[in-house]
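Each of the next two complexes has chain A plus one more chain, namely chain B in the first and chain C in the second.
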Partner chain A sequence: MKALFSLAAITFKEGIRSRTVYGILIFAIFLMFLNVMISGMMMQDVAKVAVDMALSSLNFVGLLLVFFAGVNLFSKDIERKTIYMVLARPISRSRYILGKFAGISAIIVFSLAILAIFESASIVIMKNGYPAQFLRFSWSALFFSFLLTLISLIVVLSTGFLFASFSSTSFITLVLSIVTYLIGSSANEVKALLEVPHDIGERTSPLLLYCVKAACYIFPNLSLFDIKTEAAHGLFVPLSYILSSIFYGILYSFVMLSLSCIIFKRREFP
Partner chain B sequence: MDPIIRVHDVSKSFRDNLSARKVKALESISLSAEKGEVYGFLGPNGAGKSTTIKLLLNLIRPDSGSVTIAGRSVEERELRRIVGFLPENPYFYEHLTAEELLWFGGQASGMKGSEIKERSMMLLEKTDLLDARKRAIRTYSKGMVQRAGLALALVHDPEVIILDEPMSGLDPFGRRMVSNLIIDMKKAGKTVFFSSHILGDIEKICDKVGIIAEGRLCLEDSLTNLLNYGATLEDIFFAEVEKISVKGN
Partner chain C sequence: MKRLLQLICPLLLVLILLLAHNLATQMQKQLRKTSDILYTPPADFLKISSLGNKGLFSDYLFLKVYTFYGGTLNRNSKPRIRNEEWEWMINVLHNATELDPFFLDPYYFANAFLVWEAGMVKESNLLLEKGSRKREWDQLLPFYVGFNCYYFLNDGLKAFRFLSEASRRSGGNQLYESLAARAAYNADKTEFAISYLEDRIRDAELHGRKAGVADIAKRLESMKAMREIELAAESYRKVFGRRPADIAELLEKKMLGSMPSDPYGGFFYMDSNGRVRTTSDMRSVKK
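Our next item is the complex of A and B:
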């Protein structure tokens, strides 16, 4: 436990001090000002635009963090052999994975918390400027959307871990995790699109449908975590939906990490 | 008594990524070091020194044969509590300070906080990093990184210390510092296994010498025995390595 915690701690420190994280956070602040400016130029739907922009930029910046700071912190550890200093300790391969994952997740939670504060501040500014536009706005919907975005980022990170556990270069890991993210966030929509023609009598190739269905099971269903629209419109999202999405996210990450541990146990580091 | 480090009949090959051919790195190699010995592992570049050392740390696994330390398989996690390791050309998390690096090493090896503090300060002083201990490793010179790695390898006061080319990249002062550290460890009853291709280093501090070339151990003997033949270590080294190259070609 102590070993796991200390690895998480140095991973966090290493990540948080790196230029990538600084750069991304500065970019986030820029996005926040952009948000205030753009929503301010709107004549109507100021609340919708402001919330949607806040959530989208949080998601975007979060993804940058996951891919360029998070996944990299793991795969570079293997590539540059900094992993030797960890594996030479009485620390199991599984604990290495978990410690690293905990440390990187902490970086993402920490950065996203800062971003969320900034984004919320921008919304407070807009709300005070256009109180009439924010009648349907709900802080809780915004908060839950932040939370689900965070969970989806952790899920994406866990897929990155799976790829890094067997691939030999950080570039391959990066590409695979980005592709997984793209498929994961669109597979469900594609499935829905393919299923529609059935109802109007058109035929989709069954093989294609089968593949897409399989993809929906294998790849993370990231659309589950996307309640940006609901938050922007101030719509009510049932707590049961939020809880089950969180549960799905945790379960999916757990499976990814378990697979990474199994693969990592057999791996050699020449 | 059983040797504390024992590599028995180990072969290891790597798959070459480009040609998909297998490269033989080690061919049924056997060696052993007794407790309290300083073992100098000599060989030209590409001989298989680092490969052997990575096997001792369970970073890679043998195709055949067995590797044990203190009678236990190197696959045992807890074994690494008594093993200290300095990799070749070490590279650490660059935004950490030397102090934090040692803190991690101690924590991960199950040491108490006060113990870590005490050992760290002592080692940082010995490796001449006391002034730089609160600076990020990114700002260190190559020699300083090497010394930080050495301090990290020793922070948990290990019984068996495995160093891959500990003198490389160091100036004469640094080399003397490493020699002195190794001599200190020997005095404290520790076993030191280190690789090098600098013959002078070995001659001064080793009890036992193993010479490896092209993945095969050519010779293993105590230094006194070897030098009894009248030749210098350099003569023996060249003779043994050339014997292997002739056989190989």
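Our next item is the complex of A and C:
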């Protein structure tokens, strides 16, 4: 367990040293001003646009971190063969994966926390400027949306780990992770789009419908973590929904990490 | 010489770059002027391609319409905005509200500009009805729909439905209540107006609200008086097989016991279509 924590701490420090966080900080300040500027252009729904901007920028920065800092940090270890230095020590491959995952997750949580503080500051500025437009605004809804966005990023990261466990280059890992994200966040919409004509009796290819349904189960259903609309309009989201989404996210990540560990254990390095 | 070249070359390069940029932007302006592509992808495609950022896409679409409209303010052409441009705007607003049906600004814009400037009342009302269904807490959107139905489309019954909904959501806004009753009356549904006003009074009593109750009661009294005359006219038609010429005929044939008084100080009469009206038009008459 100690080795796992040490590995996580080293990965975290490595991530911080890569100056990603400084980039995030600059980006966060820029986004804060952009949020104030754009939401101020609206006619009525200033609060909704401010929250939309805050949550979408959090999602966007989080994805950049997952794809370019997170997945790379693991797969580059394999590509550059620096992994040999770690594996030569008395540490199991599973612990190595879990330690790396914990460290990268910590970087994402830390960076997004910084971004969330700046985005919340932009919302406070707008709230003070337009108090009448923020009557339905809810900090708790915003917080839960932040939380679910974070969980969805960790789920995407876990799929990246699965790909890195068997792929030979970081580029393949990156491409597969991006594809997973694209399918995961749109599969539910595609399924809904195909089911509507099917439900009213129009012909839809059963094979296509079956494939999309299968994709919804195989790939992470990222739409479950999307409560941005509810947060933007201060709509009620049951706690049971939030808890079930978190449970799904944790379980999916657990499955992905378990598979990564199994594959990585059997992998032979040249 | 070499030093001079080292200084001039970068400056020359920057100059060429600026010229190239200006040329390209001019060409782009020409391209936009001639092609004027007014296209918006289908809402379903936007839903999928937004990748979980439907709210942000919706904001972008609205801003696109908003800035387009703003850009037309400098135009000197007549009409300032062409019909296909208005249609494009409503399509984009429709897409924006498909992505985020709770977003108020597209509805607000549609009511402010598409209804009043483009005269696209029916199209805008479809959009506003969607907003009214989704934004269950909002009193403004059903009011807009009701007002448009009443003022532009002359659809009193639908106006009554939406105005009474606006009144319910506002917790008894007097303007909405008064308009709803008037709309029902104009739709030849005085009994709707009466039951609605009675319901408003009951609701006010239930919630201990006193403000505006006297006004509602006055309107109710007037409506009841008109309904009494309407019923008498209906009985007259059944008996004599024709409409009465005026209220005096109803009194003369004992179909109406006495001439009801208008609480607003006016006099009831029958118009050429046989509808009962009042000279006060349900507004206090100065004597």
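As a working rule, the second predicted complex is superposed on the first by the 265 of 270 C-alpha atoms of A that agree within 3 Å, B and C clash if a C-alpha of one lies under 4 Å from a C-alpha of the other, contacts with A are read in each partner's own complex, and residues count from 1 in each chain.
FYI, a contact is a pair of C-beta atoms (placed from the backbone, for glycine too) under 8 Å apart; a residue touches a chain by one contact, two chains touch by 3 or more.
Only a predicted model underlies this, so the values are computations on that prediction, with no experimental measurement involved.
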Regarding the shared-chain residue A:82, is it in contact with chain B (first), chain C (second), both, or neither?
first
For A:92, using the defined touch cut-off, is the partner it touches chain B, chain C, both, or neither? Pick first, second, both or neither.
first
Of the partners chain B and chain C, which touch A:206 in the superposed model: first, second, both, neither?
neither
For A:17 in the superposed arrangement: first (chain B), second (chain C), both or neither?
first
After lining up the shared chain so the two structures overlap, which partner does A:182 touch, if you call chain B first and chain C second: first, second, both or neither?
second
Which superposed partner A:7 touches (first chain B, second chain C, both, neither):
first
Where on chain A is chain B touching in the complex?
2-3, 5-7, 9-10, 13-14, 17-18, 80-82, 84-92, 168, 268-270
The answer for chain B against chain A in the complex is residues 14, 17, 51, 54, 57-61, 77-81, 83-85, 87, 90-96, 100-101, 103-105, 107-110, 136, 149, 152-153
Along chain C, where are the residues that touch chain A in the complex?
44, 47-49, 51-56, 58-59, 62-63, 66, 100, 102-105, 108-109, 137
Contacts from chain A onto chain C in the complex sit at residues 38, 41-45, 48-49, 51-53, 55-56, 59, 136, 181-182, 185-186, 189-190, 193, 222-223, 225-226, 228-229, 232-233, 235
